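Shown next, in structure tokens, is the structure this report addresses.
Labels run A, B, C and D following the written order; every chain starts at residue 1.
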């Protein structure tokens, strides 16, 4: 159902901490213009848990407005299943093409509870779902066994594989073939994931470097591995910024430097400071100074 | 400011998933009658993140109503600092004696952000605060260095030490003396914590076994270590139920068996089932069958 | 200097626990006949720490005898640097083509100590060295920084990358280009490592399935990724047996079933039993029953 | 059979890396004079794995010579069970009062293998054994279940509990009563362990501060908890030096400063340097400058 590069967009704020829809429109459009295949609103990168439901629907509507025919998904990642279901319903009413769903964010649900939560959210939203399996960030693993169990509901169409273990991608394919659209959710494992058969990339640094991200994806799909690998190697120090506790601040700094956006975040987050900021900035500027020439691909 | 045994109460639900205030009143009163020194509403055990702010204030009001002159605290554990501040204000208006505060629940804030979040919440609620340091459950550690830094604000009066490392208690005392009321938040490290100088116990199994919990606390404070240790050894298999991903379900099962309450929880949580339930039930029944005689202590 | 598939051979025992050189000759020859590019004696798989120095030299000599012109390396993995140096000297005298060196096996040496130990062993043996970086098995990580530091000594020619994180391979290439021959040491990350630029594979399941291992390697090198990936997917449940506390017993069971060898190990190891054995056996038999047809490659 | 404070002594080296028996005699005598209850040779602190069997027997003989009627134990911690058995036999012939046994040091043996290794070593040495359970340093946990299983052999007389989790001590007592002499092996959990019922302390910082160590032990046993705790709080920054990858170097630095010994270690270990050394030195000097007055206890 879905494939390709789908960035998880950052939410943009005005100085008074309210949402800056104009800046979101501008930034999202840069993504679409570079050839991405959809947009995901209010994920970890989008500071979803810091936004009210109403605000999240606002970000989603902005995605839909900009992405047009390409799919716009809303992230559902709530502590309680009742809140998750309520948000899923609102997303459906707002016209989301699908949901990216974290089964539980605070409580570490077990197998039975994880499956039940996912089924309840699917029923509430009645939209196609990308299962977001991220045992590191949320400590709830959606295992291959659970994916197998959930396969009886056609609303579960895709998996965002963020276990941080590249082996998992092959395990999913070995067990389930092409039942799910397999996306990688880890920027600095993306080439490896595509090499073993993933068909999509929920991307982070793409927000600041969309052309490079799209180029890697397309080159791999064209079988031009060496060219893709060469860009990927240049990209790696940047991609590492996505696999960090500070991914939001890192990527907003990259957006500030590379696409002239800003670094505003919601508390408890603060913009990077000190040594950590200096290192991130150096990584970004160094990469910008050595940008590879990209092949024409369309 | 605070000391003694303060249970973190469970929230009670009706069959339709609404709050059961009558049952809460009954259960909280059992605690007060057994001699506990206060009540904490809507912590991890109280399924705080599954309740709306309004519901949480309802539970807090029930605590205040039952606890009378003894302190009733509300737990503040929100993803965003703005929500935490809003809840702190509501708690103050509702008459809370204080707040138990987790600085950040989803994002793993760094030193600077953790301190800033705690200061913001303190300013918003303007109530005495028990800092809840639990790096395991929330992955945000309030370190001894941060406690030292926060000591300039007299609203930070207590620490709930839940690092799962008993060494931390002595480190706090060595660094900060008696600046903070030191509570242990880990049931099965409680005797050890009291032995090295903690003056309070935020207790879990107390909900089903209040007399035994209070007896251990008072015996240690009276220097009757051997008697306290003897009860603690009997209590340990039960106390282990508090240090578990499934602590809410475990303790609600203990409440069902020991004080005739029920096991209803909010999704994604489900009551225990299968082998895990059988083991917990056996532990509880076995302990009930071998209850020690408690000394008169008043 | 080195490249290709180099199996880390298992040591073979008679019923009286002495080394069975005849069986080693037979098994090593199966590897050479299948086209491997060298042999490594007495690694983790070879139960090196369970063998006396004299026995280890015996295994090395058997490798040399069978491998002929292809390189035979001895593993050096000792608790004390003095023992490591003594073994390195013996290996040199016995005609080893090189050493695979673990800097420290019991003590978790720091940066300075790790580098010093590697330099001392290199000086003692005066042989080309494959640095074995395995922070999981030995808890001593040879980091990219250390590799950079050691690059001034031409005896350090290769790295066996066993960090269990596929990202490390690209980090080594990004930092050091082709200074070191980059080998993967993790069977179930081998395709991924070759895809990002590794030129060698220190292989385990190769001992029971040499033709399949060699085919994957050669297909990747020929740019025939899809064919390699197809074999790799079949191979994965077997390759997972290499990434286990019980890798020696797992692989000896595979050798027993696939090449009619035996499962004898030295204490404290015992052959697999019970459920764990049943699962490994099923994995092996299932893979044997579904062996893919291999393309002709020479 | 055993109880009290038993230091795990450091091995002393001459400038040429050979053993310095004179210095060992001097240092061991300081321990005995301060009232310790026995000596343990060649443990982690004694750099056992860096010494040949012959050297280890030499250290053991020195212990026996100095300790006289008090027990001298040799540590057995070998990769292969056959080497462990050989060392156990040598220790018995040399007159050891007992063995402190690590079941496996490199391979992470499972339940069945761990129990079998311990039984084989017990049979070989035919001496009383202190089971050394240290899942952190050796990644082989001797669980309470295994202790229960081994209880049928009267040669297993004691347990050195080094799980780093104070809860384990109560679990052993709850399951096995007083079947084993329960020693703590973690300096900075020692007061806590004695408070819950341990009867012995395999001590580290005791080597530099024997009087303080013995005082804490005896005060706890006399029920004078507050006095013991007061000394323990002073001692804690020092005791933390024992729970470190660098415990050998830390404690040898403490010995250099407090009892005028030296810091020589065997490679790959090197004496502390840089920031790490500065911090350890400051901790030691600070503690020496604030030594508490000790009560007369005999």
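Rule of thumb we're sticking to: a contact is a pair of C-beta atoms (placed from the backbone, for glycine too) under 8 Å apart; a residue touches a chain by one contact, two chains touch by 3 or more.
Here the structure is a predicted model, which is why all the values come from computation and not from measurement.
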| item | value |
| --- | --- |
| Graph distance between chain B and chain D, where chains that touch are linked | 1 |
| Distance-maximising chain from chain A - centres being C-alpha averages | D |
| Same-residue or different-residue interface between chain C and chain D, half as cut-off | same |
| Where chain B and chain C are represented by their mean Cα positions, the distance between them in whole Å | 51 |
| Distance between chain centroids, defined by C-alpha means - chain A, chain B (Å) | 36 |
| Sites on chain A at which at least two other chains make contact | none |
| Contact graph of the chains (line, ring, star, complete, other) | ring |
| Chains that touch, pairwise | A-B, A-C, B-D, C-D |
| Chain D-touching residues of chain C, taken from the complex the two chains share | 17, 49-50, 79-82, 103-110, 112-114, 116-117, 120, 245-246, 266-270, 273 |
| Complex contacts: residues of chain A adjacent to chain C | 166-167, 170-171, 173-174, 188-189, 191-192, 195-197, 223, 225, 229, 232-233, 236-237, 240 |
